[in-house]
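The following pair of complexes shares a single chain, chain A, combined with chain B in the former and chain C in the latter.
Up next, the complex of A and B:
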């Protein structure tokens, strides 16, 4: 299960997410030839506290579902990519549906800290041409999974 | 007609090969390459603008370059590229796929000591140090990098019967064996979260004769 601070998410098999992404990694990342820009920078994901992690992962996964996957879907020509894409998207939907970030007032500063991290990512995304940003964001799912893995308990 | 001047210097299969986080950049020249071809290597982190020249791999005739130290941060991803220069042809550049040692490294077989006794065989698995260092300079073992790492041990008694042990500890003992008999042990490292499994370390060992009669 995932333990993002107080948020628990059961029933997600992380190696399956990896297998889905690895199946398309080289194809997708080869489409991104802007190697000098990274959306999920170190400042977004490093030293995230447990308490922050639930807010941050909720924001990131919702963005991936509502912006990246939603718009990337139409670009997919190959069935192999579509299968992996669906597996990732369905797992992200599952995780988001089980995450309940606390709305307590005393968590305000923590949720704002997580929001600032998310905005770093979102701003970098918006600064790029949309098509290019979609490909780059999808190609960075491995960075996202590597970070999420720190909160995964076998 | 195309003269050789028009064709690029042959260069192909530029990629990282990684075993236990030893990250080696390798490439190939192709069939009609010239022995005078020289290669230069550059690398960078994904997200950086500037490419860095790898000292020791500039204008080399070798077809590999050790980038272990340069690619040792587990939270980073990297690119490397090779420039091939050969007489009478255009220079050629090729870049690797995006490289993450955590994702790409394969695990070597463990280092194991198999100790035969009269009615048992002991197996001591030695820790595997990697070139990766923690922030305080401590050299990390595979166990410290892969939290879910465990060992799987098999002892082949005969063609149809094997004994199995597995766990995270490093000392194991197969008990209840026949004295003065040969067995084959196979020990594997697994890190399931990363879908990684090493090739087995194999030891052939014979239990001691029983001299108590």
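Up next, the complex of A and C:
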């Protein structure tokens, strides 16, 4: 299960997510020509406290569902890629549906800190050409999964 | 864990009717409902069932549809009445084999695939016996449970557990072993 601070997510098998991404990794990352830019940079994911992690993963996964996957989908030609993409997207939906970030006032500073991290990522995404940003963001799912793995317990 | 989609045949004497299965997860139905993905195993098939286990890779509702094909003719799609979520899976009790190797009580469980773990409960058959529990991470490998005392009888039961869907099966039938004889189903 995932434990993002107080937020627990059961019923997601992280190896299934890795398996889905590895199946598309080469195809996706080969489309990314701008290797000097990274959207999920260190300031976004490094030293994230447990308390912040639930807010941050909720924002990131929702962005991936509502923006990255939604718009990347039309680029997918091969059925094999479509299947892996579907597995990732549906597991992200499962995770987001089970995350319940606290809305308590005393968590305000923590949620704002997580929001600042997310905005770093989102700003970098918006500064790029949309098509290029979509490919790069999808190609960085391994960076996202690596970070999420820290909060995963067998 | 195995998930089978089944359907009724289209009657067409002396002809081979093929069927094609497609699916969409909650993501597709929410964000791109026009998108359906061909099933891994049955696009097409001449059978009346389809193993969709490898298609259902998230614990969210999945829609399925099937259509018949005969030459260039295709039927309309028939869609599952209610979406399927793998967390509604009913797990059956695992088969197990309890044996004694010398003084050792050994259990071997059925191999049900990588997503399965097992909870094995065993005890010495005597008044006020204490139950011991062991988690077995995979089937098909003999597992040592206990070093037995001569003349005593030991009993074992097991249940299957799938973390991905947070569900476990009922317990298997109890099997007991005494030092001299074979395992005795109770």
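Criterion: the second predicted complex is superposed on the first by the 154 of 154 C-alpha atoms of A that agree within 3 Å, B and C clash if a C-alpha of one lies under 4 Å from a C-alpha of the other, contacts with A are read in each partner's own complex, and residues count from 1 in each chain.
Here, a residue touches a chain if its C-beta (ideal position, glycine included) is under 8 Å from a C-beta of that chain, and two chains touch if they have at least 3 such contacts.
Note that this is a predicted model, so its numbers are computed, not measured.
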Practice task
Could you classify chain B and chain C on chain A, in the superposed arrangement, as clash or fit?
Solution key: fit
Problem - Degrees between the directions from chain A toward chain B and toward chain C, using C-alpha centres, nearest 10 - result: 70
Exercise for the section: Using the touch definition from the top, say if A:20 reaches chain B (first), chain C (second), both or neither. Expected result: second
Exercise for the section: Could you look at A:37 and tell me whether it touches chain B, chain C, both or neither (first, second, both, neither)? Expected result: first
Practice task
Check whether A:29 is in contact with chain B, with chain C, with both or with neither, and answer first, second, both or neither.
Solution key: first
Practice task
Tell me which partner A:146 touches in the superposition: chain B (first), chain C (second), both or neither.
Solution key: first
Practice task
Using the superposition on chain A described above, determine whether A:11 touches chain B (first), chain C (second), both, or neither.
Solution key: second
Exercise for the section: Once the structures are superposed on A, label A:73 by its partner contacts, choosing first (chain B), second (chain C), both or neither. Expected result: second
Fill in the blank from the handout: Closest CA approach of chain B to chain C after superposing, in angstrom, is 7
Handout entry: Overlap of the chain B and chain C footprints on chain A, listed as residue numbers
Key = none
Completion exercise
Counting only contacts in the complex, chain A reaches chain C at residues 1, 10-13, 16, 20, 65, 69-70, 73, 79, 82-83, 86-87, 89-94, 97
Handout entry: Complex contact set, residues of chain B against chain A
Key = 44, 46-49, 75, 77, 79, 95, 97-98, 100, 102-103, 148, 192-195
Practice task
Spell out the part of chain A that touches chain B in their complex, as residue ranges.
Solution key: 14-15, 18-19, 22, 26, 29-30, 35-38, 41-42, 45-46, 139, 142-143, 146, 149, 152, 154
Problem - chain A-touching residues of chain C, taken from the complex the two chains share - result: 24-28, 30-32, 35, 37-38, 40, 55, 57-60, 87, 115, 163-166
